[in-house]
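Multiple structures are listed underneath, in structure tokens.
Two complexes are shown next, each including chain A; its partner changes from chain B in the first to chain C in the second.
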Partner chain A sequence: MFTEIGRALTLIASRDAEVWQITGVSIAVSTSAVVAAVALGLPLTYALARSGPRGTKIGMWVAHSMAALPTVVVGLTLYVVLSSAGPLGWTKLLYTRTAMTIGQLVLALPLVVAVVLGALHRLPAAASESLVTHGVTPARRMGWLLWEVRTAIASGAFLAFSRAFTELGSALIVGGNIRGATRTLTTYVALEYNRGDDARAIALGLILLAVALLANALMHAFMTEQ
Partner chain B sequence: MTGAGTTLIRTRGLSVGYGTSSAAVVPDLDLLAGIVWHVTGPNGSGKTALLKTLAGLLRPIAGRLEHQLDKGSGGAVYVHPTPYLFSGSVRRNLWLARPSPGRAEHAAGSFGLSPLLDRDAARLSHGEQRRVALARAIACRPRLLLVDEPEGGMDEEALAAWWTCMIRAIEEGDTALVVATHGQVAFEGIPVREIRMSSNRDMTA
Partner chain C sequence: MATTTSVENSGLLAAVLPAFSRETGITVEVLAVGSGRALNLLKRGEVAVGLTHDPAAEAAALTGGVVTGYRKIMFNDFVIVGPAGDPAGIAHASDAVDAFARLAAGAATFVSRGDASGTYSREQELWALAKRRPAAPRLVDVGQGMGGALRVASEKGAYTLSDRATFERFRSSLRLSSLYEGGTALLNTYAVFVRPGLSRTDEAAASALTRWLADGAGRPLIAGYAVNGQTLFQVWPLGTPRESPADLPFRAEARVH
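Right, the complex of A and B next:
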């Protein structure tokens, strides 16, 4: 086993082209999913928070439920929708990185919404009232309030990245682990480990761990800064 | 610009409160500019609800409210008893309603905030935060300034500066001040009228 780990570290050190290609795909797909989740999640969350206690409560409930969705269920659902017989089969997105990004977006969005909605809900009513009474326009109000919860936005984004980056079920089902295209760190480790190249699987596992820990460290550094 | 004596808000049969909870009945008002309106009454008599309703932050529960003012610059501005300051500098807070730089700096100067403009608002003392909130409101040049318990956390000097500022605005003739306080409100030359909120409440569904 130690020889395997040794070979894995050598692979990382030798800058094996395939190892880095796979790492690149993983980071690109998960980062796109998180960027999309934040871009869609912020206006959505703000609208939920503004809709009053009832909207906040329902939004929280839905976001928490969706955050618990098993990744394989998301993958399967997306597979059915995107497969050639499915309603969006014509898009020919199945087994592409775009499909993987959509799957991870579904996994990431609820985390962004849950964390940011909680933070907006905890802001004193005086924050929003101060903006209204000073005649600040609705569009600028959103900017001011979201800026007040920027730490929560960062925290939600990092959590979402961790979930997206480390998930296997959806990436495997809608990506298909196609070498050079949709093969990611998790799909490779899961499928290739027992098929032969143990050292490469371990190398990818270590990189997966390192990136996840790095994202976590960045989040903590940011939170401390704020 | 209209001068003293303009009716800014007229209320008839107004009841104020939060949502469907119990409401407070407000005596009929013709809020004129150039006057300090002193809202009195025991705790829970609806003083804050009245101020927020006049500011347009709460809907009246019943009755009529003829409102001729917008919110913010040149309109009605409400100042909370515990104001919320946004993260960042005092300057950022004073520019909330995008007043002209001169106006914001003037308001800051009136409250002795000029040396604090680049300080982090979150690190100010409670009294300083209140001064920022009042300067922020006054920088809007409101025609109706509604202040909820201004004395909290402010020392006498700051309070005196605030009253001076308000009196100047009122004397210029186009502003009315509505202030809810348990403290004394008495000035030479400025008419003060009391709005007494009673502790008796209607229960409305």
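Right, the complex of A and C next:
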């Protein structure tokens, strides 16, 4: 076991070009998914918060339920929709990075909504009302209120990144683990495990862990700053 | 017991092993993994018995003393599958190596398992014999099991090499046809073996299982196993050599390995 970890570390230090290409794909796909989740999630969350206590409650319930979606279920559903016999087969998106990004977007969005909606809900009602009485335009009011919950947005975004970056089920099913195209760190770990190359699987797992911890450290630095 | 995914996917073990357990009182737990992983599990002592179809990897394991009691038990064949229109014209190939040469030369896309499986080993041997191979993007390396590779090939209108059992099982959901089959180069042979140095009870159970599959009551069950009316495996003919990974189920034909 220890010799295998030792070999794993040597492999990482040897700066295998393919490993870094795959790490790049993983980071690019997950970052795109999180950016899309924030871009879609903020207006959606704001609309839910504005719709009153009932909207907030239903929104919370849906977001929390969807946060528990198994990654393989998301992958399978997307596979059925995108495969050539499916309703969106004509898009030819199956086995592309775009398909993987969509899958991770579905996984990331509920986390962003749940965290940000909770924070908006906790803002004192007076804050929003005073903006109304001062005649601020709705768009600027949304901007103000979202700025007030910026730490929650960051926290939601990083949580979403962790979920997207470490998921295997959806990436494997809709990405297909195609070398040089849709192979990510998680699908590569699964492959090396099946190949029987434990050292390489562990090395890749360590890189996966390092990036996830780095993202977490960044989030904490940002939160402390605020 | 660690077994190659193609055997597990075929449903064979689920069909025959209950009979073994009834006869002997020994329960068998099956781990379905690629041939590479199966040999690794055996080496680590996680499993007592292996069932794989990768002669090259098996030969290395035999030399390394990782396995003992090696015996071929059954065979079927690999098929080259692809889009029904067969743009590379492999249906007219003179043999499997010619079919692979046509795949490498044309504009066709080929989906490769890329996963240390017996099927991947055979694919590599065939490219080597054809003396050329396609490169990415015409070679799509999916690093997945046979089912995953067949799905990707079907979606991309690409060719791939499949064991017959898995192809038959997935066939109805795929837009793929079997375009080239037959010949020694596409023979797919399955072997069982045991991990050396087991405890006496494990040793007895492991040999009982391999004997049962190779010579015992397992033989007629394997021979009679069919999916959709098609027999998936043929038992190793008695009297033909079977203790070496290079052994083939008939004597006269020229060997590829």
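Throughout what follows, the second predicted complex is superposed on the first by the 225 of 226 C-alpha atoms of A that agree within 3 Å, B and C clash if a C-alpha of one lies under 4 Å from a C-alpha of the other, contacts with A are read in each partner's own complex, and residues count from 1 in each chain.
Criterion: a contact is a pair of C-beta atoms (placed from the backbone, for glycine too) under 8 Å apart; a residue touches a chain by one contact, two chains touch by 3 or more.
Since this is a predicted model, take the numbers as computed values, not measurements.
Novice: With the two structures overlaid on chain A, would chain B and chain C clash, or do they fit side by side?
Specialist: fit
Novice: I'd like to know which partner A:R195 touches here: chain B for first, chain C for second, both or neither.
Specialist: Touch partner of A:R195: chain C, not chain B.
Novice: Applying the touch criterion given at the start, work out whether A:N177 contacts chain B, chain C, both or neither, answering first, second, both or neither.
Specialist: In the superposed model, A:N177 contacts chain C only, not chain B.
Novice: Considering only touches as defined above, state whether A:T224 meets chain B (first), chain C (second), both or neither.
Specialist: In the superposed model, A:T224 contacts neither chain B nor chain C.
Novice: If we overlay the two complexes on their shared chain A, which of chain B and chain C does A:T133 touch? Say first, second, both or neither.
Specialist: It touches chain B, and chain C stays clear.
Novice: Name the contact category of A:T3: first (chain B only), second (chain C only), both, or neither.
Specialist: Neither chain B nor chain C is touched by A:T3.
Novice: Looking at the overlay, does A:P124 come into contact with chain B only (first), chain C only (second), both, or neither?
Specialist: It touches chain B, and chain C stays clear.
Novice: More residues of chain A are touched by which partner: chain B or chain C?
Specialist: Looking at chain A, the partner in contact with more of its residues is C.
Novice: Counting only touches as set out at the top, which of chain B and chain C does A:W147 meet: first, second, both, neither?
Specialist: A:W147 contacts chain B only, not chain C.
Novice: Once both structures are overlaid on their shared chain, how near does any Cα of chain B get to a Cα of chain C? Whole angstrom is fine.
Specialist: 51
Novice: Check chain A for residues that touch chain B in one structure and chain C in the other, and list them.
Specialist: Touching chain B in the first complex and chain C in the second, no residue of chain A appears in both lists.
Novice: Would you mind writing out the residues of chain C in touch with chain A in their complex?
Specialist: Chain C reaches chain A through residues 33-34, 36-41, 114-116, 136, 140-145, 148, 151-152, 154-156, 175.
Novice: Mind pulling up the chain A residues that touch chain C in the complex?
Specialist: Contacts found on chain A: 83-84, 94-95, 172, 176-180, 183, 187-188, 191, 193-198.
Novice: Within their complex, state which residues of chain B touch chain A.
Specialist: Chain B reaches chain A through residues 52, 55-57, 70-73, 75-78, 80, 82-84, 86-87, 96-97, 133, 136-137, 140.
Novice: Provide the residue numbers of chain A that touch chain B in the complex, in ascending order.
Specialist: So the residues of chain A touching chain B come out as 124, 126-127, 129-136, 144, 147-148.
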